[in-house]
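For reference, chains read A, B, C, D and E in written order, and residue numbers begin at 1 within each chain.
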Amino acid sequence: MLLLSNILIDGIVYGMVLFVISVGLSVTMGLMRFINLAHGAFAMMGGYVTAILVREQGYPFVTGLLVAIVATMVVAALLETFVFRFLYKKTELQQVLFTIGFTFACIATANFFAGAYIQQIPLPELLQGSISLGERTLPKQRVLVVVAGFVVVLLIWLLISKTRFGIWLRASVDNAAMSSSLGINIRVVQCATFAAGAGLAALGGVLGAELMPLEPYYPLKYLVLMLVVVAVGGLGSISGTLAAALLLGVIDTTSKYLASDFGTFFFYAAMIVLLALRPEGILRRH
Amino acid sequence: ETVKVGIIAPFSGPFAHYGKLFKDGAESYLAQQGGKFGGHDIQIIYRDSGGPNPGGTKTVAQELIVNERVDYLGGLVFTPNAMAVAPLIQQSKTPTVIFNAATSSINTKSDYFVRTSYTLWQVTVPIAQWAKKQGINKVVTAVMDYAPGVDAEAAFKDEFAKQGGEVVESIRMPLNTNDFSPFAQRIKASGAQAVYVFLPGGPPNLGFVNAYNQNGLREAGIQFLGTAEMDEFDLQKFGDASLGLLTSFHYSADHDSDANRQFKDAMKKQAADALANYASVGAYDGMRVIQKMVEATDGKKDGDKAMAAIKGFEWESPRGPAKIDPDTRHITQNVYLRKVERKDGILVNAEIENFGPQRDHGLK
Amino acid sequence: MTLLKVEHLKKSFGGLKVTDDVSFSLSAGERLAIIGPNGAGKTTLVNQVGGVLHADQGRVLLNDTDVTSWPSYKRVAHGLVRTFQISKLAPDMPVIDQVALAIHQRDGSIGQMWRSKNSYPHIIDEAANILAELQLTRVAHNTPSEMAYGDQRLVEVALALALRPKVLLLDEPMAGVPKSEAQLVLDALERLPADLGVVIIEHDMDLVFRFASRILVLANGAVLADGTPDEIRRNDVVRAVYLGKEGQI
Amino acid sequence: MTLSPVSAGMAMRQSPWGWLGYVAALAVIFLLYWYLPGQLLILTRIAMIAILVMSLDLVTGYGGLPTLGQAAMFGMGAYAAGLFAKFVMPDPLLGLLVAAGSGALLAFIAGLFLVRYQGLAFLMLTIAVALIMQNLASKLQFITGGDDGLSGFEVSPIFGQFQFDIFGVTGYWYSMIVMLVSFAVLRRIMRSPFGLCCVGIRENRDRMAANGTRIYPHLVKLYTLSGVFAGIAGGLFAQVNQVVGLDSLGFELSAEALVMLVLGGLGTLSGAIIGTTLYTMIHHFAATANPFHWLFVIGGLLMLVVFLPKGFLQQLMRRLGLNVLALFGRRA
Amino acid sequence: MSQLLALEGLEAGYGPLTVLHGVSFGIAEGERVCLIGRNGVGKSTTLKTIMGLTDYRRGSVAWKGTDVARRSTVDRARMGIGYVPQTRDVFPSLTVEENLIAGLRNRPASEIQHAYQLFPRLQERRNNPGTALSGGEQQMLSVARTLLGNPQLLLLDEPLEGLAPIICEELMHAFDQLSQQHGVAILLVEQKVQEALKFAQRALILDHGAVVHEGPTAELIEDPSVLDRHISVAAVPGQTH
């Protein structure tokens, strides 16, 4: 019983961390159909800015986080306006090439300015320590991640399916020329979405930093993991991404409790089975 | 006549900091000697091996030997990379000093290998003995699931059983683990008094230590026993979470000796951000060994003579007295029990016990 | 001889009955037109006959063989070829290559791995002739993405012809093609072997009445009328739901 | 058979290269050998990786299926060649055959499953297959040497004549010639109706299905073919280096190969070679000159390339090649 | 009637290819003009160039007297040009209703009732995804979506293609009303020449990227020899009536 509850608790929490770091990628890659392998770079940027503000400048955690998210979004919006938007028309593989190149440059930059060290983000008093769940404890920081995950899902869902912005976004991804011909300002829509994706990346970078510590190679190290979550969730489906993250989190945790000698075998086996049965995404029919 | 030394290390990729550590360590020693060994100018040529990559490493070693005509090789962070160059150095009789790679059997692959780092057996055996003496009878091992981890697990189990202790569970943690909570919970549930850990440096270390604290292992009194985990490279990032953790290792930057102070001074002169840790001291001492070989051969390329000269060679290293074992060509050195403490606001590995000189227990 | 026989075909999407118990047959040499209002289920019917969609109920017989459960490639191999209402061309491949590819498929050389594709002069020849027949020679080396829409429609027909069908299903082949060029398509169809059966879906009544030897009218998924062009022309119901007053001929 | 007047002008243009191209390529190989003896090892590496990238080009360039798991077949070939030399016999050419065969076998088995999917699903599944192979190689330590790598095997002289030497001369000629032959074979295959069919599948599957073409068997064939050459590349790698590590099955290798391919241009085998050469050279020189900052260089290059006009690199290399040839001509 | 749109020496194309070689004509407010010509002469390209969707080379596109040749497509749409493309371009990942909303810009969603009034069929298929529509339904949706933008000038690229005769009639009637009652100017490209001539007041014949004939439609109906010369419709036997 304890084992089962342990598996569920740790699995869901880990899944939520996976979701939080992947959801931004799900936005750019799924909703904008832009293969943004530089997602991790934006996450890293958010994390580094928060770390520097909180650790070195003494800002409160929440302020640091918000500043970092806004800063990342501004940088992303600028990059989108001057560089990334010219990639939308390129082939997927060219997008891969460019964003990988961009990621390399970001890694080198981080290395150059901050060294190969891990960047710790000091947690505020409020988030330190653990809460007790009867038999076991759960770090408060992870409770925050879970809550944040649900809030993000809700907000994105509302935005995409309940507002006109969502319709404009999907329309401009389907057919940019036609959308403009209908008077939809696709530049604003795309730029805002890209920036939002980067903002989510930054949020994920900070909230996930306890499990995926920030260091220069961060953007490459967790790329496959993020891609797995997005692919299993299905392109363009935020709820699918959440479901995939939770499911994969629980599976991975189960294997750690019961069969860790198999390494990541079960994680990838689960991915294979899920993708094979539902190549369009976990919540969609083939 | 100039003597050429080729150093093979990761200079790019996620392990590039090893390259920097080696470079600082080696050059600070050379600078201390005025750039000359035995009156011969020394030229160091660096080559990038990337991560564990035997094919690529072999290629760069070949290049160094054939094109650059180096007299000595040094460096080598990863075991497979070291294994890959063995046939080459055997064929070309190039003395090769291993600055890091820590699997015992490497030295048996070529007569021209000599090692100034450590092996996992060398540092693990004494802590297993110590644990038993402290009245710890049940231990759980938790190691990363790859060759060095398996090696460490074997070393601990072997010695601890010899001492009459019991390893109640052996956990192997997958290499790409991000979330260590499940393992922390398993360790807690195993009923052991201590956990013997082996982790590669960087993020997994941090993740494990966080999990150790957040899941209440510390409160439960489960002793942390490690080796290279509290490396000075990342130590400051652990924060208070690491206070009091015990590791058994051959070098601490906090070691109190003149040789160590000289080493740290030389490093500071070398570069402002140069860091004294086991990797840079491995390179520093590695150059000391090369100096000995250059002197013995008077700068000529004679692998056999050079190797003969360093068998049994003794010197005062920053880590304490050191000696090259004539049989294994591995360094015999003191191993210390260290505890993480805060001194003048920074975290250090304070040596609390000296286990005395240890040879490589992995080669029987 | 009956080439194609469709028996009691039924298909719904969700609650919507798109094909509602449709039966018809096509004999050798027959030119059957299927007409009906937009959304009547014409394309869906062709999709079921061609094997792109699977019917919920009913049977499709090709030369008296039950092909209902066959995948579409197998039906093509047995001579059942169709065109698409919304062009399906490889956007960035030269047209001549696309036609050659269809011919390779037909004569079984498509899996050839060692002979150069240029060493099949008869195939290149045939492809060139088909294109010439539809006056597409000038665009033979162009790719569809840089062609006018009307030309793309003609390429679609060229590809179908290249497969030398026994039964040809044409889904609005002439939409977007000007009359002068539509005539080319009709001419090309005239020249096809006389024993070929053709089913054509078309909204241009001129063409339909000129071409068809029989007309099937669909409405709301069901057969509304089936008869000679003259009968259909005189059918009041068809006029009311489909032809409109202008459409009277 | 002769072409009718209508189609005479329509026959696809024959490439101006033909046999002359291969003679020129051999000349280049010889000149490189003569003038750059210090770079033989890196050139050898380029030749070996180029075969891998060409094999990737089949799947990704011609078949339109981006994969990040090509190393699975490469590593399979490498381990097969290594184990064959270690336990069966040291003959290199037979070993290469075994490597090709095992690469093909793995590709065939995996392909039966993989090519049912497309796009992101396919990409992720290929990653998973490669990771599982790597896990397997790591677990089967008693055969493969696990993390420590497979070593301790020797390869006998080629044709009993040419011994693999420490200077890498034999390795150079061996790899270059195998690369050239692979190129010729693949080029020929991709110009056949089958090659055209693969391009058709890439361009529009619905179209091919409407033609009555079955997509699946053709893709399995293509994937298996790609496995043959990935296996050969791996086999060469094992024989020339005489050591095989887990990295030969690794994600990084697959990713790098993909980057090289896109760099050089998809769907042209020469692009695969150009991309490999460019990337490897830049990596080599940037990493030698300033290993700490080579990521800047390569990152910048990758970003730049995307915005270069199509076929720019091909043009550049061609011109560069001619210049280099002229240079040697003058000096020789 | 004042000029709404005036093209002067317009040259445009795709990449290296120039398709329009100096197209000049004007459209007055509320005027109905049809543009006819053979396959591939550049009819669609003309409309796309007015919309700003091709590579502009030279010449002017004047909207109410100001040159907009270098303005973005969005600006042109917002100024009041509506465009129904030949390929329909229904958004596949939106439902029918969402497709219509996309055409509304910022006006209230209730306005889509107008579209449903025009094409009741669309209301029945309200929740179908854009791709799960018959060819004709997609055409209806494309037209309706553009109308919801309340354009002052409507560019129609073969709007009758694939529509049942009875719907064609209704649609032409609707366009007629739009132009007569709301003063919307219409530029119609249509292969069904007779219908187009009947509908429009003025006809333009395009050949090889240039306007080769311009005049009232009545003239062309009376004297089809011009048509013969330029698009050889008469070569086709058995014309309507």
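Operating definition for what follows: contacts are C-beta pairs under 8 Å (C-beta built on N, C-alpha and C of every residue); 3 or more make two chains touch, one makes a residue touch a chain.
In UniProt terms the chains read A, D = Branched-chain amino acid ABC transporter permease; C, E = ABC transporter ATP-binding protein.
Small disclaimer: the values here were computed from a predicted structure and weren't measured.
**Q** Among all the other chains, which ones are in touch with both subunit B and subunit E?
**A** Where subunit B and subunit E share a partner, that partner set is A.
**Q** Going chain by chain, each one touching the next, work out the least steps from subunit B to subunit D.
**A** The distance in steps between these two chains is 1.
**Q** Once you find the CA centre of subunit A and the CA centre of subunit E, what distance in Å lies between them?
**A** Using C-alpha averages as centres, the distance is 44 Å.
**Q** Cα centroid separation between subunit C and subunit E, in whole Å?
**A** Computed from C-alpha means, the inter-chain centre distance equals 28 Å.
**Q** Could you give the separation in Å between the centres of subunit B and subunit C, each centre being the mean of its C-alpha atoms?
**A** Here subunit B and subunit C have centroids separated by 74 Å.
**Q** Using the average of all C-alpha atoms in each chain as its centre, how far is it in Å between subunit D and subunit E?
**A** 51
**Q** Identify all positions of subunit D at which a residue touches two or more other chains, and write them in rising order.
**A** Correct list: 138, 292, 295.
**Q** Can you list every residue of subunit B that touches 2 or more other chains, as numbers and ranges?
**A** Subunit B, residues with two or more chain partners: 16, 20.
**Q** Pull out all the chain pairs that touch, please.
**A** Pairwise, the chains that meet the contact rule are A-B, A-D, A-E, B-D, C-D, C-E.
**Q** Okay, in this complex, where on subunit E does subunit A touch?
**A** By the definition above, subunit E touches subunit A via 51-53, 72-74, 77-78, 83, 85, 89, 91-94, 98-99, 101-103, 105-106, 145-146, 149.
**Q** Report the residues of subunit A in contact with subunit D in the complex, numbered from low to high.
**A** Interface residues on subunit A, with respect to subunit D: 86-87, 90, 92-94, 96-98, 100-109, 111-112, 224, 227-228, 230-232, 235, 263-265, 268-269, 271-272, 275-276, 279-280.
**Q** Which stretch or stretches of subunit B touch subunit A in the complex?
**A** 13-14, 16-17, 20, 145, 171-179, 181-183, 185-186, 189, 202-203, 206-207, 210, 214-216, 233-234, 237, 239, 273
**Q** Considering only the defined contacts, which subunit A positions touch subunit E in the complex?
**A** Interface residues on subunit A, with respect to subunit E: 164, 167-168, 170-171, 173-175, 177-187, 236.
**Q** Across the complex, what residues on subunit D touch subunit A?
**A** By the definition above, subunit D touches subunit A via 60, 66, 113, 116-118, 120-121, 123-125, 127-129, 131-132, 135, 138, 251, 255, 258-259, 262-263, 266, 292-293, 295-296, 298-307.
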